[in-house]
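A, B, C and D label the chains in the order they appear, each numbered from 1.
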Amino acid sequence: MLDTKPKKGWKFRVHEIIYEADTPLGKWFDILLFILIIISVLLVMFESVKWIDATYHRTLLVLEWIVTILFTIEYIARIITIKKPWKYIFSFYGIIDFLSTIPLYLSYIFAGSQALLAIRAFRLIRVFRILKLVQFLGEASQLKKALKASRAKITVFLFAVLIVAVILGTVMYLIEGEEAGFTSIPTSIYWTIVTLTTVGYGDIAPITAQGQLIATIIMLLGYGIIAVPTGIVTAEMGKSGDGTKKPAEEPYVHVNTQACTTCAREGHRDGAKYCFNCGSEL
Amino acid sequence: MLDTKPKKGWKFRVHEIIYEADTPLGKWFDILLFILIIISVLLVMFESVKWIDATYHRTLLVLEWIVTILFTIEYIARIITIKKPWKYIFSFYGIIDFLSTIPLYLSYIFAGSQALLAIRAFRLIRVFRILKLVQFLGEASQLKKALKASRAKITVFLFAVLIVAVILGTVMYLIEGEEAGFTSIPTSIYWTIVTLTTVGYGDIAPITAQGQLIATIIMLLGYGIIAVPTGIVTAEMGKSGDGTKKPAEEPYVHVNTQACTTCAREGHRDGAKYCFNCGSEL
Amino acid sequence: MLDTKPKKGWKFRVHEIIYEADTPLGKWFDILLFILIIISVLLVMFESVKWIDATYHRTLLVLEWIVTILFTIEYIARIITIKKPWKYIFSFYGIIDFLSTIPLYLSYIFAGSQALLAIRAFRLIRVFRILKLVQFLGEASQLKKALKASRAKITVFLFAVLIVAVILGTVMYLIEGEEAGFTSIPTSIYWTIVTLTTVGYGDIAPITAQGQLIATIIMLLGYGIIAVPTGIVTAEMGKSGDGTKKPAEEPYVHVNTQACTTCAREGHRDGAKYCFNCGSEL
Amino acid sequence: MLDTKPKKGWKFRVHEIIYEADTPLGKWFDILLFILIIISVLLVMFESVKWIDATYHRTLLVLEWIVTILFTIEYIARIITIKKPWKYIFSFYGIIDFLSTIPLYLSYIFAGSQALLAIRAFRLIRVFRILKLVQFLGEASQLKKALKASRAKITVFLFAVLIVAVILGTVMYLIEGEEAGFTSIPTSIYWTIVTLTTVGYGDIAPITAQGQLIATIIMLLGYGIIAVPTGIVTAEMGKSGDGTKKPAEEPYVHVNTQACTTCAREGHRDGAKYCFNCGSEL
């Protein structure tokens, strides 16, 4: 932020508000955006409930238009104030933003495209960007670290679970007939995972004695192996917990919420003068 | 308890019995109150069971009146014997006590207000006050400490679970039609949480192949992430467990069950002469 | 076992075989008894399955009589060879042994008393006595120690779960009507525990929007608090695991499977000459 | 691999490709085999789905024949290139390979033997052999070590769960009648395990008040004891995690994926010249 004059144009100030959360205005913008996203998601939900849609159709449509226009303004502002617009447009958030703005316009061209409004739910992921502001950052990063460290173990585990599900699902298909709902091997595998994870819908359930015996074995297996991912994450979390006690050993710098004005990349270290990604001045 | 004369009036003695549990009489009062609360809750339960209410309606009503009168006496005694009655009346327990005493009287003025009797269940929370007497205090406080320490992590976790539920619930609503029970997005989100937490009622269950595939992913996700809160609490509990080994490092005093006669605040240290909250003599 | 002559009568030898597992014959007796118990339990199971009972009624009855006569012989032998028979007769195993021997005789006097045969399932507990022989002893005792150490914490936890179930069950009863299956408060509490423990039968399920919202909260609550008992036991197990590394610090003696000939009490230390319970010579 | 000439025949080279994964060709063979196995399993799955089988029956049969012929070639190659073919034929993988190759041939002799095609699912276990190639080996072995170390504890635990299920299942059979679905003791035991593991299908559910009370106890029991296996594995995993920090203390050599040309035994240490199992030169 120790920059020179020319940058201090209105574009730069808008960029600072939209993309960053260091200034009071930037914080307010993020909070307002968060509320707007929640409202837009609630609107989509309400429209899907028949009696609400029947009673308040007009109100919902008006609110939908207000949200869409605000989203459109935000989307255009994001494109204008960034130096390399294409980088934003084809970034993950850029695509989500576009897809959550367009459906209402499309619904006047193509019928049924209103269903795309549901994509707005994905904008909720932005909440994590806003959460960065508060104390939760440290917690989330610790969680993420523990999950990342145990990624390989969890992959092996899920692989083993899937193979067990395929084998036992096939066995159940051979034992139980059509009447019990085991109509095909994929359905049987679906049932095996429903049982192994202890979800147990009950839409499909074994009725023969042999089927119930194998179901019992699957349940005990599921009950026993639920311990494995728990053990993995717990052990990892214990380690990462120890790690935080001696931060001096692992080089660690504080990262702020500033975003590059050129490529919109975040996660620059405090006091950084150049974007670590594209090299342009911050 | 090393106080002067004037306080030794009947009000003080009754206060000691009702609000404290240090004296034998105070202990007996707490145990009797606990039994009375359990009886009152059982009465409400029995009244809700149709055949019991039809057969023993008269007996239940008489017992209900006895409990209500005893609660009324207790409530009045609590108000009279405390120095600042309004502090008690508008405290959490004060409101619960009032709401659990009034319904039967109201039922003669407004029909249907008998449903409020169910509020009595909340009085069960008092049980924790009585449990203070026994060895469980230490255990509960350790649990509470571990939960408090992992509060931020659990919030992040629940937030992530909710966002995943909203997104996947919306996806399921688009994939599965009305026939499978996914009638609206809120219902789909409800189903997603039912699946993610491995509850699995089965009142709503996917019937299409794509729906079952996504359901399988949700289940494995739920099975995998159940490890996260467990890991958090376990790691925290392990830490707090270590803490108990060196109690010298964290200053710790024994707390008794005495309550201030002025503001009803509890948790005074042994031998305290003045209330730590309002400063009046104990 | 370094005893004097007079004891070396047949009673003593039979006692050694029946009550102890140190000698080869004693081991064989225990294994045979274990097989006999399993057979007796399987017989009761088969009799309860209609088509098996209809087809093999005669065979099952004959086998039932053989098992009953062998159990009778064992029961009489146990009484004769012990010095203080009443101590055995009124011990936990004594009562189980008596109740699992008597039903077939009673069925000729009172109709329907054959249902008591199911009590034989309790004899399965004896399996743990036989398992003592093998390596599992250490494992089981470690498990038991961890569970014992966390007993108080688990009690507090279960208490809290029950109070939450009563309160939320009552709330659900008021919100959901009869149609959804919430016919009475006890039924609602049953449903709350079914949900909280993530069992989720689906015989009762909320149908109103508010009911589904509260159900969602209960599920997330259940999903979150399942971490608590796991955390407790894991922390405790971690501790007891550490304990086994330095057995020198906690005085520990090896215990054999010998039982006192007078009072049938087990768990004497190796080389003990007198029963630690009744003082009579071993 | 530093061997002498005569071995360098085509048999040796094929053996190296089929049984080992050290050479680039060996790696490619394993990956191709993996893809072929997945395809064969998918074919069996598709055939079991009625509408797919009805529409694409011809295509599926042709693909089935291609897979079967490739499997036959592989099976013959494995027998020819190994020095002691019987060792392979009667090994676990040998039998699986034979059983997954034969069904299509048999289906022309015996009707219905096509169901045996499902055995191909077992070939998926080979995936673990291929996974050896990648980073997952270390993770899997650590998981395996933790599971192996807690084997005895888990056995005791499962035994206790089974005995509890038998006893409580019998009690439920006596309490709940035929109407609730508790038609026999084995069915009741099945239901108890469904409840204890928190699966909860809901095909069988208690309807009497006493039955629901016992069901509640079983659920809380299940909820409480799920902590036990988790605690066991977590504690064990924590230990093995510590072990990896000081690998110098436990002698450890790197193992390659080479298989003996004589006995097909795997797991030779890097640079080994002779099979550790049968002593023949590698």
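Convention: a residue touches a chain if its C-beta (ideal position, glycine included) is under 8 Å from a C-beta of that chain, and two chains touch if they have at least 3 such contacts.
Remember, predicted model here, so these are calculated numbers, not experimental data.
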{"item": "Chain copies touching (chain A, chain B) - same or different residues, decided at half shared", "value": "different"}
{"item": "Option in A-C, B-D or B-C whose residue-number contact pairs overlap C-D by over half", "value": "B-C"}
{"item": "Between A-D and A-C, the pair joined by more C-beta contacts", "value": "A-D"}
{"item": "Farthest chain relative to chain A (centres taken as mean CA coordinates)", "value": "C"}
{"item": "Between chain A and chain C, centroid-to-centroid distance (C-alpha), Å", "value": "47"}
{"item": "Computed distance of Cα centres, chain D from chain A, in Å", "value": "33"}
{"item": "Residues within chain D bordering two or more other chains", "value": "186, 198-202, 226, 230-232, 234, 238"}
{"item": "Footprint of chain D on chain B - complex, ascending", "value": "198-202, 230, 234"}
{"item": "Residue ranges of chain D touching chain A (in the complex, touch as defined)", "value": "41, 44-45, 48-50, 115, 118, 121-122, 124-125, 127, 131, 135-136, 139-140, 142-143, 146-147, 154, 158, 161, 186-187, 190, 193-194, 196-203, 226, 229-234, 236-238, 241"}
{"item": "Contact set on chain B toward chain A in their complex", "value": "152-153, 155-157, 159, 163, 166-167, 170-171, 173-174, 183-186, 189, 195, 198-202, 205, 209, 212-213, 215-216, 219-220, 222-224, 226-228, 230-232, 234-235, 238-239"}
